[in-house]
Structures are given as structure tokens and as C-alpha cells.
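Below are two complexes that have chain A in common, paired first with chain B and then with chain C.
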Partner chain A sequence: MRRIKSLFKHAFLILFSLICIFPFYWMIVSATNVSKDITMGKLTFGNALLINVRNAFQNADILRAFMNSAFLAIVITVLSLLICSIAGYAFVIFPGKVKNILFLALIASMMVPFAAKIIPMFRMFSNLGLLNSFGSIILPAIGTPFLIFFFKQNTHAFPLETIQAARVDGLGEYGIFFRIYMPMMKSTYAAAGIFAFMASWNNYMWPLIALQSTDKFSLPLAVSNLAAGFTPDYGMVMVGIIISTLPTVLVFFLLQKAFVEGMVGSVK
Partner chain B sequence: MKKKILASLLAGVMAASVLAGCGSGAASDSAAQDEQTSEAGKSEDNEITVWGWDKNMNGYALEEAQKVYGDGVKINFVEMAKDDCLTKLHTVLASGVTDDLPDIVLISDLNAQGYLMSYPDAFRPMEDVINYDDFAEYKTAAVSYDGVTYGVPFDSGVAALYYRTDYLSEIGYTDEMMQDLTWDQYLELGEKLKEKGHMLQTFNPNDIAEFQIMLQSTGKWFTDAEGNADFADNAALKECYDIFCRLNDSDFTKVVSDWTEFAGAVNGGDVACVLRGCWMTSTIIQSEDQSGKWKIAPVPKMSTEGATHYSNQGGSSWFVLKNSKNSELAADFLSKTFGGSTELYNTLLSEKSIIGTYLPASDVEAYDQEFEFFGGQQVNKLLADWMSKIPAVDTGAFSAEAQSALLGVTPSILEGGDLTENLQDAEQQFEQSIQ
Partner chain C sequence: MSLKGKTKTALTGWSMVTVAAIFVLVFSYIPMIQAFFLSLQTGKGANLSFSGVANYIRMLQDSTFWTTLGNTLLYAVVQIPVMLLLALLISVLLNDSKLKGRGIYRTCIFLPCVTSMVSYAILFKNIFAVDGIVNQMLLKLHLIDDAIPFVLDKNWAKVVIIFALIWRYTGYYMIFYLSAMQNIDSSIYEAAKMDGCSFFQSFFRITMPLLKPIIFLTSIMALTNTLQLFDEVVNLTNGGPGDATRTISEYIYDLSFTYVPSYGYAAAVSYVVFVLIIILTIIQKGITGEKE
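Right after this comes the complex of A and B.
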């Protein structure tokens, strides 16, 4: 009986994992086929991979876009982790009356859709003279309400006694944050890091609006350009998509364990 | 007092956030700023920034135009996907910021009127530098608004009926018999092709893009000259739906749901005919094994009054932004290239089969080229001839809204609902959507 049950469970899980894996399989197979075969639904490996790679690199400056995206993602991840964790930590640890109002304002700001902010943001960055620079992409991305909220919620599980003990032992507030809090919240940082990295890597709308010259374009913009023609070359587009998916897959698998721990919110 | 505290608090928070932002991003910022200033120093006075899509077609055309114009100008082509280009343009124009405007933008003809209406002062009228008698009439109409002509017409989407000669010869049809088809005759082909195991064409119940071709061939559109919905009393539109229903009820169409399936059906040899703008050529010739088996004919004629064999689907035009840095240079550049150089159009046609709408270029030598893929037909010559006969229509600013309102009632029409009632419903939906 138990065997049948587990058989059923496995069959169910295998079926669903196949559904999840299929788009990736299709993406990889398509990168090896010519556009015509892709539109005709070919699902086996072809021999056009090198041609597609060559076309992709010829039609868009993929390498440069990749470096741009990588630079942005790394800077944004590091800065936003630092800033948001400090903010989240402060919301929990330090007493204050305006804190709750500030936090409410922060949460409320999450409800404003990005589309409503585009034009004011464009004007603001134009006035600052930062349009068409990486600064215009980095600045709005390093203090996200979601990450502050995420750090705040996880800090609630942080044992206050540790902080009190550290204070008694004469450690300053900065020391407590950098030498006690940070190492103990490793898994929260990992989870937040994945969020920040993915958000930056996949960011499309704002870089599209703020970046004006092709040499500053990030990878999603470059890949989107590949598909822009009247007759899209799907094989070439798939190569672009694989290149733009790889880093997120890599980051996720590297930090997978910590990510799951971070989402559960455990402090050990 | 309370208000004062609140105000100062808010100001403080804002100042702090700006400072915090600047401080933490300082390293990357200053680097970016350095780059920007150095770039500003580099950028020369004769550089024209152009926003557009498709490097292989539009980007190429600009490169060639630059060669024609000479050293007096440098082109900075910023390539974006078509939808992205339009989104970006909307944002920049709506923000009112003029520092970061491109000098020239490419806008697809169906979107042009919307921009001209929404941002009346943004574009430079071009009547003083362009002789619009040199362009196909239908195209000039698409780039004019309120009696003023703004755009420089570029490529044509002149429509053609692409057909497989091998399939049609199986049912005893010759090329001559394809030249003057009515829609009734065209649909009759379907029955005969079906017997031989071929499908007539593809059919997508959720896509009424072919209506654009059918309507324009009669000189009608979804909307009237005032931009109001013209559905329920539009005989041409009713005939479109009649044809659409017959295609839906028939068993000789290959049902598809998107572009990939559509292209697959064409390249895979499932269908004998394709009705599209001339840009379809680049998709069809991907199947090298079908070389010599395709030809083109004028589109089937409808029975509505004023119907012709000539129509259009797609195409785009160049627009100069009035407040951009090099707006005058850009206007001069366009007038001497896309608005006045037969040499340029000859190159574009022979190298990339780009059909322009510049009439003085319609006898350049590239038109005489015979295409092996199309059984030795002078494809470009035919297309150029048809292009000059396309009826002009006022597409208005709301083509997209009109089509989506019609798509909303299409399932009900296909199920046999009353046509006039459904079209009246769609008219109401349309009026609501543009309010």
C-alpha cells in the first residue's frame, strides 16, 4: 500500500517537474536549430548552434551588455543588501515613535505601480543629469521597500539577548551590526541577495527608459533587440536567452540551501 | 504648528534619502558621471541620434543614407525593439524633458496618428523640405495629422497574395488565373486544394490583421475621417466578417494561434496561399527547398464598392523631433536621402529588398531584378506597381482600439450571432475605450 502511495507521489512529482523543465529543454534545443525548424516545432537537437551563436554575437553586442548587466547586478546587490539590512535592523532594534509611521509609508510605497513613477523618475534623473548613466539604474534600486520589509521581518527572530550581551561586553553599535548580526543572519542575506540580484538582472522597463545609448544597454535590452526584426531569428534569440538565464540559474543553485533557510526565517 | 513639523519632517526625509542615495552610490556614480561628461565632450555637433528597430533593415537603411548624404552628418542609431521604442518615446515626450530627445524616430504608420495627436508640438512639420507629391498617396495620408504632414515616408507594406505554383497547378490553376481573383473565386480554390491534400491558407480566429488588408483595398478603415467607429454601417467591414466566417466554417484552412505556428505552416508547406504585406517575403524565402515554387499575385478583390486588388499592411516612417538638438540638420538629412535620393532606394532595394514609397525611384534598375525563388518573377517591380495604386485611408489614431473592440465580439459573430448587433456592441465598447 505504502509502495503504491509513494509510486503515485513520485509519478505526480515527475510529471510536474517535467512540465517545469520543458521550457528550459525547449530553449536549449531551439538554440541548436534554425528559425524555420523552431517554428515548425522541432524538439530534437539540431546542428545550427554555432551559426546561432555567431549570429547572436554579430547582431548585438552581447558581451558588452553582459558586462554592463553584471556590473549593475553586483553593485546593486551589494549596496542594497547593506542599506536594506541596516534599515530593517534599525526598525526592529532601536526604539522610536515615528518608526511605525515611516514603516507604514514604506509599505504604502510598495503599492504604487512602477508605471506611475516612470515619468516623475525620468524628469528627476534628467534634472540630476544622470540619464544614460549607470547611476540612474543603481540609485532607485538600492533601497527597495521589499528588502527592508524582508530584513525587518527576519530581524524579529533575531535574539535580542545577544545584542544586550554584546553591549554589556562593550561592543559598539556598529560592531554589533557588522560582527554579530551580519554573520548570524547569513541565510537571510543569501535569500535577499538572490532577490536583489534577480531583480537587477531582469530589470527591463527602467533601464529601457533611462539608458539612451546602445553601449550602455543591459542584457535584457540587447536580447530584446535580437527579436526585433520583421522576421525574428528564433535560434539566435534562444542563444541570447540562454546567456541571460545562466547567471540567475548559477546564483540560485549556489545559494539554494541558504535561500530556503532564509525564506523559512531561521536563526540558528 | 503641526503642519510645519510635518513639512520639515518630510523635507528632511527627502533630503536625507537623496544624500544617502548619492553617498552610497558614490563610487559608481562618479564613474558614470565621468563617462557622461567625457561622452558629451566627444559627441560632435553633426551627430544625429535615431531611435528605431531592426538593425538589419532600418539600421542598414540609415547607414546607406549617411553614405548618400556624405560626411556632414554622423548617425547614432539606437536600436530597440519596436514596442520598446514606442514606450520610450511616450515617456520622453510625456515628461516634457527636451535634453534627451533623439533627433529622428521611426514610428510605425498605424501608431503615427496617435503620437501626432497626443503631442502636437513635438514633431517638426516637414512640408517645407519634402515634396509630398513624390510619395505614394496612401503613405502621405498616414503621416499627416490635421492637415499638416510631419513624417518622411519610408518602407511600404504593400500587400500581396503569395501562392504555391506547384499546389495550384495540381488543381489546374495557372499564373494568369491568379491575377484577377475575387474573394469568392479565391475561397473556391480551397475546396479544390483540399481534395489534393493541401490547405488554402492559415486561419487564426483571434487575429483580424487580414482585415487591415481587406479594408484598405476598398479605401475604407475601421474608423471614419472624424475618428469615430465605423463598424455597423461599414459594408466593407461586414464583408470582411462574411469572409472570416466562411474561413472559420471551412475545412480547408490550417488553424494557427500565433506567429510561430503561422510561419511554421507556411515554411512547412501546409498552405498554398498567404495574404500579407511584402515584408512576408523574408519569412517565405527561409525555406530554400521551396525555391521556384512561390509566386505573387495582387490580393483578391472584395465585392464592396470601390474595391481594388491593392492594399497595404505595415510599414513605417521617419519623424523629426522639433525640440531636439540637431533637429534642422536631421530634417535636411532626411530631405536629401529618404526624401530625395533615387540612388538610395536603388541600393536598399537591390541589397535588402526594401520597398520604399518614393515614387521617382520606381524606375530604378533594381526593380528589374528577377527572383529565382519566385520563379523568375520581377517581384519588386510588381510590388512597386501595386503600391502606387493603394487607396489612401485615414487610419486615425485609434486603429488598435478599434481592432480590440472588434476582437471582443468576433467569437460571438463566428458562433452565428447577429452581425449588425455585434458590430453595434463593438462600437459602444470602442467609444468607451477611447474616452
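Right after this comes the complex of A and C.
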């Protein structure tokens, strides 16, 4: 009985894992096949990888888009982590009634659907003359309510005695934050960094509206353009998909341990 | 601490939250308020004039609005419960420290959620094409006689979108549940087992009640996510065939940037989504009985 049970468990988990993994296998195999073989359902590696890579780089400025996306993701991650973590920290270390209300107001803005903001934001950036610039992508991504919430939750676990001791030693409030809090909360920063990086890297709707010339395109826009049309060359599309997926897979695996630790802290 | 020292610390505290607050104010609250005033105006492009609730009345007779709203709600109603139950079930199975290969299972199931929305949508468009790999496999196994036009049929296209969403997000919510389960004392399960509780009994009577707060949190996250669905549908079906898979976010985008721009009407539609999210959050709060 017990063995049958365990067999069922494993059968279910294996089936689900296979479903999760198959599209990854398919995109890697298909990147090495010509479009004709892909539509024939070829499940083995071919030798068209170099042709597909060349086609992808010729049909869209993938390299440029990759650099644009990397620049945006890095700048946004650093700025949003800095500004949101200092706010989340202050909400716990310097509590107050007015601050509680402010915190709730910040969190409530998570409920605002992005679509409800696109027209005013489009007009705002158009009036500022910032449309089609990286500023239009970076500025709205800095103050992220979710990150403020995430840092506030994790700060509850931060030992207050450490702060008091540092104050006695004569360290200023900002000094405490930068020299004690930040190094001690590494795993929280790693988890938050994954969130911020992925949100920026995968962002599609707002760049689609704000970035208009192809030299400013982020990777999702370039890949989406590659796949446009009724019968796209899927071999080259797969190359684009792999290039846009690789960095997030890497970031996740490098920071996986810290990510899980940081998450545990946030749901306690 | 002296009075001077106290005011100084208070000021430091405020200075730390101000920058973040200003960014949220400028890029969330101000656009939201502007959108409301915009929703009370009609006109094409930049020529707008005040028209009261005309946009909201227009919505009542707009069949595309009702179709896209219906599609969006259908996605939410089907996808969210199926996905969260799957994520919970998998978490329970993986929470067993004696289970062989749990690390591999966890990584496999989590992997989909690192893909970008645009990428996996295109990938699924290819996999579910008429001559795609899924049809090829089903034909070879003689499960079907003719290829199914997954992305071209108005019902199948919805199924594919829901399937894609479940594929992408189940592992993401699994991580939340797994983290929360680490805080549950395993002796509760052992005691329940000794009292003769079956797997499903302890799942529904112990795990689910203990995880209520996190189930509430994840259901709100999934709800706000699905009600704003855009990237996947644009790249998988582009809203088609016809408007069969178009979501409300895609409709708002089309009203503003694809058709002759009618910003006022688009803003009114977007406000309906906003109100909808709030109402559904309150209802969900009632269902899960979460007080916080």
C-alpha cells in the first residue's frame, strides 16, 4: 500500500516536471533546426544553429536590444533596491502613526492596474520630452510598493540591539543602514534583487508604449518583433527566446539559496 | 535622548521614506487621479472635452468591452483555483524530507517562472500550432485523427492561454507555500496520522487552514496578475480569433494606441478594472476569512 502511494506521488511529480521542462528542451533543440524541421516535429538536435543565430542577428538588432535590456535591468535593480530598502527599513526602525498610514497608502497602490496609468503616464512623459528614452522606463520602476513591503517584512527579523549598540558607538543613522543593515541583510537583498531584475528584464507593456525606435528596443520588444507575422522563421525565433531567457535563469541559479532564505523571512 | 536628538531621529526616519514615497506618488497616484478625470472626458486624440459619465454609459452598450471583460474573468476563475491547488498539492508532496529527488522536482517545477512572458507566449504559440509538436505527438499516438487548430479555434485558444498561465506560474506560488510550510511543526502531521487521518484529510484540515494567510496573499497576487493579463495574449493569439481571447488590458491598449485614440473611453474602461480588483479582493477576503 505504502509503495503504491509513493509510486503515485512520484508518477505525478515526474509527469508535472516533464511538462515544465519540455518547452525548454523544445526551444533548445529547435534553435538547432531549420524552420521546416521544427514544423515537422523534429525532437533531435540538428546542425542549423549557426544559421539561426545569424538570421536572428540580421533580422533584429538582438545584441543592441540585449545591451539595452541589461542596462535597464541593472540600473533599475540597483536604484529600486536602494530606495525601497531604506524606506522599508525606516518604516520598522522609526515607526509612527502617520508613517503607518503612509505605508498602507503605498501598499494600496499595488492594486492599481497598470493599464489604468498608461495614458496619463504616456502624456506625462510626452510633455517632459522623455518618450523613447531610457528615463521613461527607469523612473516609474524605482518606487516599487512590493519591494518596500518585502523589506519591511524582513526588517522585523533584524535585531534592534545591533542598532542600539551602533548608536552608542556613535555611528549615524545612515551609517547604521549602509554599514550594518545592508551587509547583514544580504539574502533579503538577493531575493529582492531577483524580483526587481526579472520584473525589469521581462517588462513588456510599458516599453512597448514608451520606446518607439528600434535602437532603443528592449529584448522582449525585439523578440516579439522577430516572431511577428503569420509564419515566422521559428529557428531564429528560438535563438531570440534563448537569449532572452538565459540571463534570468543564470540570475536565479546563482542566487537560488539566498532567494529561498529571503522568501522564508518574508512569509514568517 | 534629548529633545533635539529625538527630532533629529524623527527627521532621519522621514528622510528615509520620502524618496520612495515621492516616486510612488508621482508614478502611481498622480496618473491614477489623472485617469479618473480623463475618464469623464470624450474626444479623439488630444481634443478632449468634459462629458460627465458618457464614457461609462458607452461601456454598457459596447459588446467588445463585455467580451473582453468576460474573457478576463473566465481566465481568472479557471486558472487561479486550479493553479493554486496544484501549487499547494505539489508543495505538500515536496515538503516531505524523505522524498527522493525533491530538489530536482522543485527546480524543474520552478524553472518556467524565470521565462519572460513574451518568450514563453511565443514558445507556446509554436508548440500548439496546427503543425506544432503537440499535434504531431497526439497524431502519432492516434489520440486524434486530425490536427486541432489550438490557437485558431475560439475555445481551444482560451484553453491554451489558461494552460500556459498555469505552466508559467504554478512553480512561482509553490515557492511561497514551501517557504510557509517550513514554519509548520511536522509533529502535527504525525499526530494526525496516528489518529488515522488520510493524506487528503490532513491536507484540507491541517495544511490549508494553517496556510490561510499565505493562500490569501497568493490569491490576491494571482488575481491582480490575471486581471491585468496582456503580454501573453498579445504574443500568443493577439486577442484572436476575432476578440475570442482578447483581455481587458489589451482592449485598453488598443483603444489608446491601436485604434483611433480615445483616451477618455480607455481611461473609463481601465477604471472598471481597478474597481473590479478592489471588489474581488474584498470578496476573497470574505471567503478566506483573513482579517489582516
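Keep in mind that, in the parts below, the second predicted complex is superposed on the first by the 249 of 268 C-alpha atoms of A that agree within 3 Å, B and C clash if a C-alpha of one lies under 4 Å from a C-alpha of the other, contacts with A are read in each partner's own complex, and residues count from 1 in each chain.
Quick note on the criterion: contacts are C-beta pairs under 8 Å (C-beta built on N, C-alpha and C of every residue); 3 or more make two chains touch, one makes a residue touch a chain.
All values derive from a computational prediction rather than experimental measurement.
For the composite obtained by superposing both complexes on chain A, the positions of chain B and chain C are in clash. When both complexes are overlaid on chain A, the residue A:F57 reaches neither chain B nor chain C. By the touch criterion defined above, A:F66 lies against neither chain B nor chain C after alignment on the C-alpha atoms of chain A.
When the two structures are aligned on the shared chain, A:M198 is found in touch with chain C, with no touch to chain B. Counted by residues of chain A touched, the larger count belongs to C, out of chain B and chain C.
By the touch criterion stated above, A:V75 is placed in contact with chain B alone, chain C being left untouched. Of the two partner chains, chain B and chain C are each touched by A:G41.
Contacts of A:S17 after superposition on the shared chain: chain C is touched, whereas chain B is not.
In the superposed pair of complexes, A:S224 makes contact with chain B and with chain C alike. Contacts of A:I118 after superposition on the shared chain: both chain B and chain C are touched.
In the superposition on chain A, contact of A:F178 is made with neither chain B nor chain C. Among the options 55-63, 91-99 or 163-171, the segment of chain B that ends up inside chain C in the superposed model is 91-99.
Once both structures are placed on chain A, chain A residues 38-41, 83, 102, 118-119, 122-123, 139, 142-143, 209, 224, 227, 234 are touched by chain B and, in the other complex, by chain C. Per the touch definition, chain A reaches chain B in the complex via residues 34-36, 38-41, 59, 75, 79, 82-83, 98, 102, 118-119, 122-123, 126, 129-135, 138-139, 142-143, 208-209, 212-214, 221, 224-225, 227-231, 234.
The part of chain C that touches chain A in the complex is made up of residues 9-10, 12-14, 16-17, 19-24, 27-32, 34-35, 38, 86, 90, 93-94, 99-101, 104-105, 108-109, 111-112, 114-120, 122-127, 129, 131-133, 136-137, 167, 171, 175-176, 179-180, 182-183, 199, 214, 217, 224, 227-228, 230-231, 234-235, 248-249, 252-253, 256-257, 263, 266-267, 270-271, 273-274, 277-278, 281.
Per the touch definition, chain A reaches chain C in the complex via residues 5, 9-10, 12-13, 16-17, 19-21, 23-24, 26-27, 30, 38-41, 43, 83-84, 86-87, 89-91, 93-94, 96, 99, 102, 106, 109-124, 139-140, 142-143, 145, 148, 173-174, 177, 198, 201-202, 204-205, 209, 219-220, 223-224, 227, 234, 237, 240-241, 244-245, 248-249, 251-252, 260, 263-264, 266-268. Those residues of chain B that touch chain A in the shared complex are 9, 13, 17, 20-22, 24-25, 28-29, 31-33, 35-36, 39, 49, 53-57, 76-82, 84, 87-88, 91-92, 94-97, 99-100, 260-261, 263-264, 267-268, 279, 282-283, 286-287, 314.
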